[in-house]
Every structure is written in structure tokens, then in C-alpha cells.
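Next come the structures, one after another.
Okay, so chain A shows up in both of these, paired with chain B first and chain C after.
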Partner chain A sequence: MAEISIRKLNKSFGETQILDQIDLTVRDGEFMTLVGPSGCGKSTLLRIIAGLESQTNGQVNISGQPVDQLRPKDRNLSMVFQSYALYPHLTVKENIATPIRMRSYCWYQRLPLLARVLPGAAERQSGIDSKVAAVAELLQIEHLLDRRPGELSGGQRQRVALGRAMVRDPAAFLMDEPLSNLDAKLRIHMRTEIAQLHKQLGTTFIYVTHDQAEAMTMSDRIALMMDGELLQVATPEEIYRNPVDVRVAEFIGSPKINLLPGEVNSAGRVTVCGQPLRVATQPRQTQIRVGVRPENATVCRAEQGDIQGQLIYLENMGAEFFAHITIDTLTEPMLVRCDVEQGQQLSLGATVGIRIKPKHTLIFNQSGRRVASEKIAAEVHHESVAV
Partner chain B sequence: MNQSLSDVSPVLPRRTSRWRVYRGADQYERLLGWFLSLPATGLMLLFLIGPIAAVLLLSFTDWQLGMSAFEWIGLDNYAELFSDPTFWQSLKNTMIYVAIVVPGSVFLGLGAAMLIEAGKQGKSFYRAVYFLPVMATLIAMSIVWQVILHPDFGLLNLILKELGIAGPNWLQDSDLVLYVLCGIGIWQQVGFNLVLFISGLMSIPSHLYEAAEMDGASSAWDRFRLVTWPLLGPITLFVVVITSSKAFQVFDTVQVLTKGGPNKASEVLLYTIYTEAFEYFRTSYAAAITVVFLFFVLLLTLLKTRFLERKVHYS
Partner chain C sequence: MNRQPSLLFRLFRHLVLMSGAMVMLMPFIWMLLTSVKPPDEIFSSELTLWPQHWYFIENYSEALTRIPLMKFLLNGIVVTATIFLCQVSIAVPVAYALAKMRFKGKKTLFAAVLFCLLIPPQAVSIPWYLLMYQFGWLDSYMALIAPFSISVFGIFLMRQFFMTIPNDLIYAARIDGFSELAIIWKVMLPTAMPALVSFGIFSIVAHWNDYFWPLIVLNSPDYYTPPLGLVNFRNDDTGNDYGPLMAAATIVITPLVGAFLLAQKRFIEGITLSGMK
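Moving on, here comes the complex of A and B:
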């Protein structure tokens, strides 16, 4: 159990800046996910926390103690690797036992033959065995203990890797894209299992992934990174509803948020494709982007919509439909969610209207930062339409 | 396939008749198989098994090179061999040579490979330099060694003289000569083993070392025991087998540098075979030594398949 805090951390390889002034505090017992596209520096950050790589400058503290001078072993962290990194020549049991063997025995107690005849050998071995058995039971891999990693499936290897990380009580678990080598179905299943494991153990988890769905479903808080920069640290709900940057808004959420080019008139009214929306923000801005998530817009009759477009494709997801609508002035079609009933009535090629829910509309300025916006009351809307 | 076809047939008599037809086809196929493998089998008999069988048979005769007739003399050659002190000396020397050169060149090769891999610069330079003795003919290199080891104007003794040490007569001292040859043998073999070990080291995934580091294997020895050594298993096995069979066949250096001397102190099996067969022309006697030699090579192969291979993990 430990709080991990990172202060003003930089990492560069020669000229290339990998991490830029990272400040992050992971609370005790928290499930923190580092998420971002590949190459954003999230794995490097994790490896710096683990001690496998060293930072250019800045500080890492575990439970308030700086650990920058400590070797990985002495930081008391456990890591699950993307490739699992199981020892191929050892059985599952021996793999899981390795961290205890390495830490609690000195070198001569680990010698192949001598270890058995040294005093106290039997008690030591039974101590290890009971810990391994407890972990194996928790992960339901008891029947695999005598196999070697080569004889296991991807999901089973994943569990063994988790077991090896769990067998001693680390201050925190570090996980580097542990699910990315599994097939889609198993990945979703293991998502739940790891989240439950976190609840059971109550230990700090730092989890690296490039999959926003994993980040959203598993974490207490998400730290979103891009180009070596930490863009936002917030709960999944907050990061979805209130992204501080257009890149955050684009990264989180599937299907992707719609970004429409817009303008703001002198009164602060937001217009998209020349059509006014019921959204107000700071006046006199050009080249803003208006972010609308697919569920925050509805398809309606052309004359009732805020903007109009042509329905070019209907994606049937079973429980819902996604309507792809092209708007004359835009290159990309806009995605709007509809319920099944409405989806079945829509016909391709028709001109439809899109109503945008003003409350959840996100406004980003020219440099991509989020700017405050508010819903304009309905009466105002009528007046302005009259004007 | 045949069986499953007949299984689905509803009428029993037809099934048996069809079965007979297929059996005929089966037999034809078997003959064809033998026929097609005939060239390979023939070549194998002629070139691999034939010579060995010939040597074995020869060892039970009194035939000598150039003779037109021979007699079967049973185990007489072996009886003579086992009562011949030269043979025992030769066998003992060969064993000592193998026992020193194999571990020496394997561990030095491994050590140097790890040092080179751990270094940052000049990897290919070191690889090339260490590999030079492997590329060069040992006969030619033996001449160089002869010059280096010459008691009066050899480089080694000149250096020792500078340091105030009187160097021994390396190749004429019967207590020393075998170990000098072992040294040259190791020198020649290390580069080969090193290159193999380097390729083995490069194939070990780096995340295993990171996992070992996280698991608490912080010392170099711990990482070696936990990751490097087990993962090099297959390579090490290969290197040990190759090095052993090469060490058993030591000949060039003995022929050029010592001729088995002084006083048979550097007599080795292959050299004994050579002198018996091509200097004294006692072909059948040499054949008997060859059989003993082959016995040890066979023993080595058995040791490899029965014991070592089980200990090695192939991922």
C-alpha cells in the first residue's frame, strides 16, 4: 500500500523529449490508468516508476520517500509485462515462487542441491508453497502449477504473470498493457477480473494501456498522456464529460466525438456551418471547434434541426443505430446515435436534421483548449432566430 | 481415411471386398515407399554405415595396407591393443585433453561472449578478432605457435626472460607439453564457441531480464542463474557436443609441434591411429584403435541424447 507521486519528471533520449514535466500523484489504493496513443511516453513513465529506466530529471516518491537512487528490487513494486515475461524453463509454480525465492533467500540457500540440506529448508519450502497455493487459488490456476509457460494459452499465461506479481505484498502493481496480447473476448473478461482483483487486494495499481475502453471501465482515475505531456488526470466520468483539451475529447469515447468547425459572434453565440446553436461562450472567437458526442445529438426532420445533412449510412449495433450524416461544408460525416425504433424508420439518402443538445456541447478554442460554454435558454433561442 | 470410407458403407460383404482392394493398394504403397527411398538408403549405406562396418570388420583381421590376402584373427588386435602401454597413454592423454579443452573453451567462450554483449562499442571488432583462430588453418597457426614457444628465441620465453623468469622448454617438457597443447586447443576453439554464445545471448528477450530485476534478481550472478544460463541451454548443449567431438579429434597440433613426444607425453588417439596406419602400415591394428575411438564418440552422443537433452529447455 503506497502513494506514488511524480514531481517535474523529464525524460529525453538525446534531442527527443519523451516525457515533459510530468506531475502526477497516485493515491494509496487507487487504480490509476495511464492512457494515450502509442509513443506518448506512458510505458516509459511506468518503467521509470519501476526503476527499469532512469529519468533525465525530476523525482519519483513512493510512500513519501524518494526512490530515484533505489534499484527496482528495493522499490518493492511488482510489474506485469505486456509479453508476460515468464521464465520459459520454469514451471508455473516456480515462476510464481521466483519473487519470494529471490527476496527471502540468500544466494547459497538458492543453490540447486545445497538448498535442500540446509537447516530450515523444509519450512522455507512449505512457506513458499503455501503462498503460491493461495495465489493460484485466487487466480484459479491450481491445475496449471506443474506446467511450463509454453504449454499455456495466452489467458493462462496472463494469470500466471499476475500471480507472480501478487505472490509477495508489493507497495503497488505496475501493469504494462497486460491485456493487449489477448483476443477481444478474453480481454473484456480479464478487464473485469483485474478490476475485481484490485478491489480484493486494495493495493495501488498503475495500469498502462492505449485502449480507452480499458481505461474507462477499470480505473478510479485516468491520466491521459499525449506526446510526452500529461493532458488531464480525472475520473473516467469527468474525463468523458469535461475534457480539458480537444485531444482528450477525441481520444476518449467510442465512436469518436464529432468535431465541427464553428464561429462565435459578438454576442457569444456559437454558430456551426452558419447555423446558430443554443450555446454561448466567450465572444469574438474564430476557428473554434464544437465537440458533440454521438449521443448528444438527435436525428430529426430537416426543418427542425440545428443543421441539415444527408444520411449516407446507418450502422446497426443491435441495441442502437449510428447514423452517418454528411453536411455540405464538412469533409467528415457526423455520427449521431439513434434508438432502434427511429433507426428502422430512417431511409438512406434522405435529408435529415440534426439537433444538438446544448448542455453537453463542448467548445474548444483555436489552440485546442476547452473554453467554458453554457446553454442558452429556449426563449432566447426563439428571439435570436427571429433576428 | 480408408477405414472411415468402409465404415459408412451399409452392406457388409461389399465392405470386406473393398477392404481387400485397399489392402492391396496399401502394400503397393509400402513397396513404392521403399523403392523411392532406395537412393537415399543406398547412399547412406555406402558412405556412412559402410566405412564404419568396414573398419569394424578390418579390426578382426591381420590385413595390412598393400597385402592381397588376410586372415581372420578374431580379437587378437584388441588383445594386443589393451596390453599396449602406448594405447593406454594415448587414451589417457586424449581424455585429459578433452577434460581441459571442453570446459575451458566453453566457459571462456561464454564469459567473453557476455562481456562483448554487455559492452557498447566494438562488438563486431571483438567478434572478428576472436573468430580469427577458427578461420585460420590450425596447421599454419601451429607453426606460429612453434615460433612463440621455442625455448631459446620464442616470444614467450623472451618475455619471461625480461621478467626474470627462466622459461621452460614448453614442447619438450613431458610434464608440460600436453597442457601447452590444451592451451592452443582452447585458444583455437574459444572464438567458435563465442560466436555461438553471442547469437544465443542476443536471442534472449530483454524483458526477461527486466522481470528478473523486478523479481529481485539484482546481482549479475542471480540474473545469470535465473535467465541467461537456462535460456542458453540449447546453445550450450550444441557447443559442448561440437567442442567435445573436436577435442577428441585433436591431431594437427600434435603432428606439427610434438609428434606425440617427448616420450609419448602428447600421444593422442588420432595421432596413434595415424602412425599405426600410415607409418607402420598396421592397418588392421589402426582399425581396432579407430573402433575404440568411435566407441567414445558414440558414448558422447548417448550422453547428449540421454542425459543432457533432458536437462535443456527448448522454448
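Moving on, here comes the complex of A and C:
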């Protein structure tokens, strides 16, 4: 178990900056997810933590000790890879045993024939066997121990890779998109399983993914990266409700958040498409963007809505509907969630109103940073706010 | 649309393929048949495929006794095995470095490897001969082995195969505690077995059958490789003795055919450079 802290870390390949001033502390026993679109540098960051790549400058500490000069094997970390990276010529059992064999034996104890006749060989072997058996039982792969990776399905290989990582009680687990080679159903299943494994082991996990759903469902905290920059580190709840940047708001959440161009009048009242909302923010800003998640707006009759538009498409998700509504002044349709009863009554092509819940409306300034906003109480008439 | 081609077409197709196979196989069949024929049948003016009198024991015992064929076979095994081991022990680490390491001048180095592939061995035989002379290695095993101890083809083939192995496997090995040398021999080499087997076949066949280089550097029959030994049956005084010659030739190629049949499956895999998945 260990706390991992990263201080002012930079990485560049020639002119291209891959990581820019990363500061991140992963607490002991925490499940931290590094999430971001492909090419944002999250895998590079993980490999730097593992010692597989070196940073341009900055520091990585594990349990308070700087590890920058240590080789990967001396950092006492385990890693699970996207391609599983099992040794194809070894059986599952040998694959899982490899990390302990390599660590607890010196070179002559690993020699193919000599190893068996050295004193203490039998005890060493039975020690390894019992550890492998314990891991195999935990992951339910006992029946696969004598097979080779080539004979296993994707999900089974995934478990073996987890087993190989778990077998020697590392300070922390690093996982590099471990689920992205699995089919959708298995991925959701393994998601739960890895999260439970984390609870059982209580070890620090650093998990890299580009899938925001994985990040939301599994992590204690999420670190969202984009273009080599760490944008926000927060709990899933916090990062969803209170994104600090418009890019965070766009990346987290499915379907995507609606971003509407808006203005603020001198009183601080936000208007979208010329219609005032019951939201106040710092006055005198131009070109703000108003973020509304699909579940924070409702479809209503045209005259009751904050804004009006035409319903062009209804997505039936089974338990809910997503209404795609075009608004005259906007290029992209707005997505609004509605429940099944309401969804069934809507008809395509109709003019409908959209009511936006002021409490959950997110305001982003010109440069994309979040600015504070608040709901204007219903009974207060909007002119009186201007004080 | 799974229509079977017409019978006529299928017959024609097989006929074409079979005649191609016959052209390839005929010399071998002729060698086998000649090795069991008596001399008068070999030299008779009419061509007969099947021997009228079997002369098997005579020809083969002649082949084994007239020259120390077993000694030559042993020489052949020593030379080809040593060459192959040297080639592997150099090609595999070099290929690993070229495929998976980051260092300055890597591209230039690989270009140099490709360039060396273009040099025919005959072109450098005189420099090599002079070098062997300077080292005092002429007429010894060293002269037979040293020029072939590095195979650029081997480096190229292994490098291409290593390129297909995902980097993650090497990262995993580093985290598990393998040293770089251990990664090469314990992870990369077993993974690259198909490529290694096909390279082995190329290398062993080429050096087992090599006639040119041993002929240049050897004088004493003590170090003769099998192809050189076969020449003993060609004699300017008594003419060619084809029966025992063909018997000896059959004995010489038997180990190769056997090895190829054993390694055939992996050989084909290696040629297609199939990946791991």
C-alpha cells in the first residue's frame, strides 16, 4: 500500500509537449482513474509512474520516497496492460508465478535444472504454488492453470493478467485500459469485478481509461486529462456536478451536455437565445456558454418553456427518451431527457418548449472556465436583482 | 454462390499442378533410382525408370566405405550447428535492439543491415579468404564457421518478427523483474519460435549444402563437409561412379529432409510471420 504523488511532472518528445506540469496525489488505498480522450497523455503518465518511460523533469514519489532513479522492478508496482501482455509460451500457472519467481529467487535458483536440486527448492516451489492457487481461487481461474494464453478467451486472459499483477502484493496496481479489448457486455461485468477486487485488496489503484462510464462507475476519484494537462481531480459526483472547465463538462456524461451560447446583462442575469433564464452570474460578460445536462431540462408546452424549438428526433432508450430539439438560432439540436410517458406523447415536428432547471445550470466564460452562478428565486422579479 | 468448378477444369488444374511438381521432384526421384541401379543400367543407352537388378546394398556400402562419409556428416553437423548457434546468439539481441530499443542511429544501422542483405557472398569471398589466411585459420573449422557467424538475413527476419510483438509484453517483463538480457532470451526468443525455426531451416540448409566456401578454404579431408566428400566419387582416372555417388547424395540429404518434415508446420508459420493473437 502506498501513496503516490507526482510533482511538477513534464514530458516532451522533442518539441511536442506530452505532459504539462502534472501535480497529482493518489491517496493510500484509493481507486484513482486517469481519464481523457486518446492521446491526452494519460498512458504516458502511467508508464512514467511505472518507470517504463522517463519524465523530462518533475518527480514521482511512492510512499514519500522519490523513485525517479529506480528501475521498474524496484518500484514494487504491478501493471495490467490493454493487450494483457501474457507470456505466450508459458502456461497460466507459470505466467502468474513469474513475478514471484523473478523477485524472490536469485539467478542460479532459476536455472532450469539446477533449481530443483538446490537446498530448499521444494519449500520455495510449494510457497509459489500456494500463492498462485490463492490468486487463482480469488479470480476463479483454477481450471485454466495448465492452459496457455493462446487457448483462453479475452475475459479469461484478462483475469490471468490480473492474477499476475496481484500475486506479489504490490504497493499499487497500475491498469492501462484493461477492459478496452473486451466486448461490451463483458466489459461492464469486469468493471464491477475490478471495483470489488479493489475493495477486497484495499491497495492503491491507478486506472487509465478513455471511457468516462468506467471512470464514473469505478473510481473513488477521477483525474481528467486533456492535451497533456490535468484539468480536474475530484470524485465522480463532484466532477459531474461541478466541472471546472467546459472540456470536463463535455467529456463527462453521456449523452453529452448541451452547450448553449448566452449573454449576461448588466444585472448579471443570463440570457440564452434572447430569453432570460432564472440564473445569475457575474455581470458584464459576453460570449458565455451555458451548460445544461439532458436531465436538467424538461420538455413542456411551447408557451411555458424558457426557449422554444422543434422536435426533430426521439431516441427511445427503453427506460427513458432523449428528445432532439432544434432551436432556430443554434446550429446543433439540444438534447433533453424525458420519461417514458411524456416521450410517448410527443410527436415529431411539433414545436415544444424547453424549461431549464436553473439550479443545475453551468456557466462557462469565454475561455471555457466555469464561473459561479446561482438560481434566482422564483418570486423575485428580475429587475430587482440588479442592485 | 458456392459453385463447384466443372470436372474438366478441375482435372486440368490438377494436371498443371502435378506436372509442376514432377519437374521439381524429377531430379530427386532420379537420384533415388540411380542409387539402387547397377552401373551397366545407369550407363545403358535406353532410359529405364525402374531398375531391373537391385544394386542397393552394393551402392550404399560402397558409398559408406570408399570415403569416410560418416566423418564428413559429423563435420557437416559440427559446422552447421555452430554456425546456427553463433547466428542466433548474435541475431536475436541485435534484432531486439533494432526492433524495440530507442537509440541514436537506429535507422542508419537498420539500413546498413538491409544493405548487407544485397551483398552476394561470392563478392566478399576473396577478402574473407585473405582474412582467414592472416588469422592462420585456413584449413580448419574456424575458416568454415567464422565468415557465417553473423547472418544479416537472420537479424532482418528476427527484427521483423519482433516488430509484431507488442511493447506491452516487454513492459510487463520489465515490471516483473526480468533484466534486458533475460527479456531477450526468456521472453522474446520463445515468443519468436516460429521465426527462429524458419531461420534455422534457411541457415542449416544453406550451410549444409555449401560447396563453394569449403572448397576454397579446405585442403585436408579431415574437415570436409558432405558436399565436398561427394566429389570423391568423381574421378578423372576411372570416370564417374554414379551409383555410389547417388547413394552418398541420398544419405547426405536425408537429415535435411527429416529436419524439414519435423519443422514444417512452424516453418510455414514463420514465413507468414504470424503474430501472437
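Here is the rule we use: the second predicted complex is superposed on the first by the 380 of 387 C-alpha atoms of A that agree within 3 Å, B and C clash if a C-alpha of one lies under 4 Å from a C-alpha of the other, contacts with A are read in each partner's own complex, and residues count from 1 in each chain.
Basically, a residue touches a chain if its C-beta (ideal position, glycine included) is under 8 Å from a C-beta of that chain, and two chains touch if they have at least 3 such contacts.
Nothing here was measured: the structure is a model prediction, and the numbers come from that model.
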Does the chain A-based superposition show chain B and chain C clashing or fitting?
-> clash
Report for A:Ala213: first if it touches chain B alone, second if chain C alone, otherwise both or neither.
-> neither
Using the superposition on chain A described above, determine whether A:Val371 touches chain B (first), chain C (second), both, or neither.
-> neither
Please indicate which partner A:Leu186 is in contact with in the superposed arrangement: first for chain B, second for chain C, both, or neither.
-> neither
Given the touch rule stated above, what does A:Ala121 touch, chain B (first), chain C (second), both, or neither?
-> neither
Would you check which partner chain A:Met79 touches, where first means chain B only, second means chain C only, and both and neither mean what they say?
-> both
Partner chain(s) touched by A:Tyr87 [first = chain B, second = chain C, both, neither] = both
Using the superposition on A, tell me which residues of chain A are in contact with chain B and, in the other complex, with chain C.
-> 50-52, 71-73, 77-79, 81-83, 85-89, 98-99, 102-103, 150, 164
As the complex stands, chain B meets chain A at residues 205, 207-208, 210-219, 221-222, 225-227, 230-231, 233, 313, 315
Please give the residue numbers of chain A that touch chain B in the complex, ascending.
-> 50-52, 71-74, 77-79, 81-83, 85-90, 98-99, 102-103, 107, 110, 148, 150, 164
Residue ranges of chain C in contact with chain A within the complex = 166, 168-169, 171-178, 187, 190-191, 193, 276
If you look only at chain A, which of its residues touch chain C in the complex?
-> 47, 50-52, 71-73, 77-79, 81-89, 98-99, 102-103, 150, 164, 176
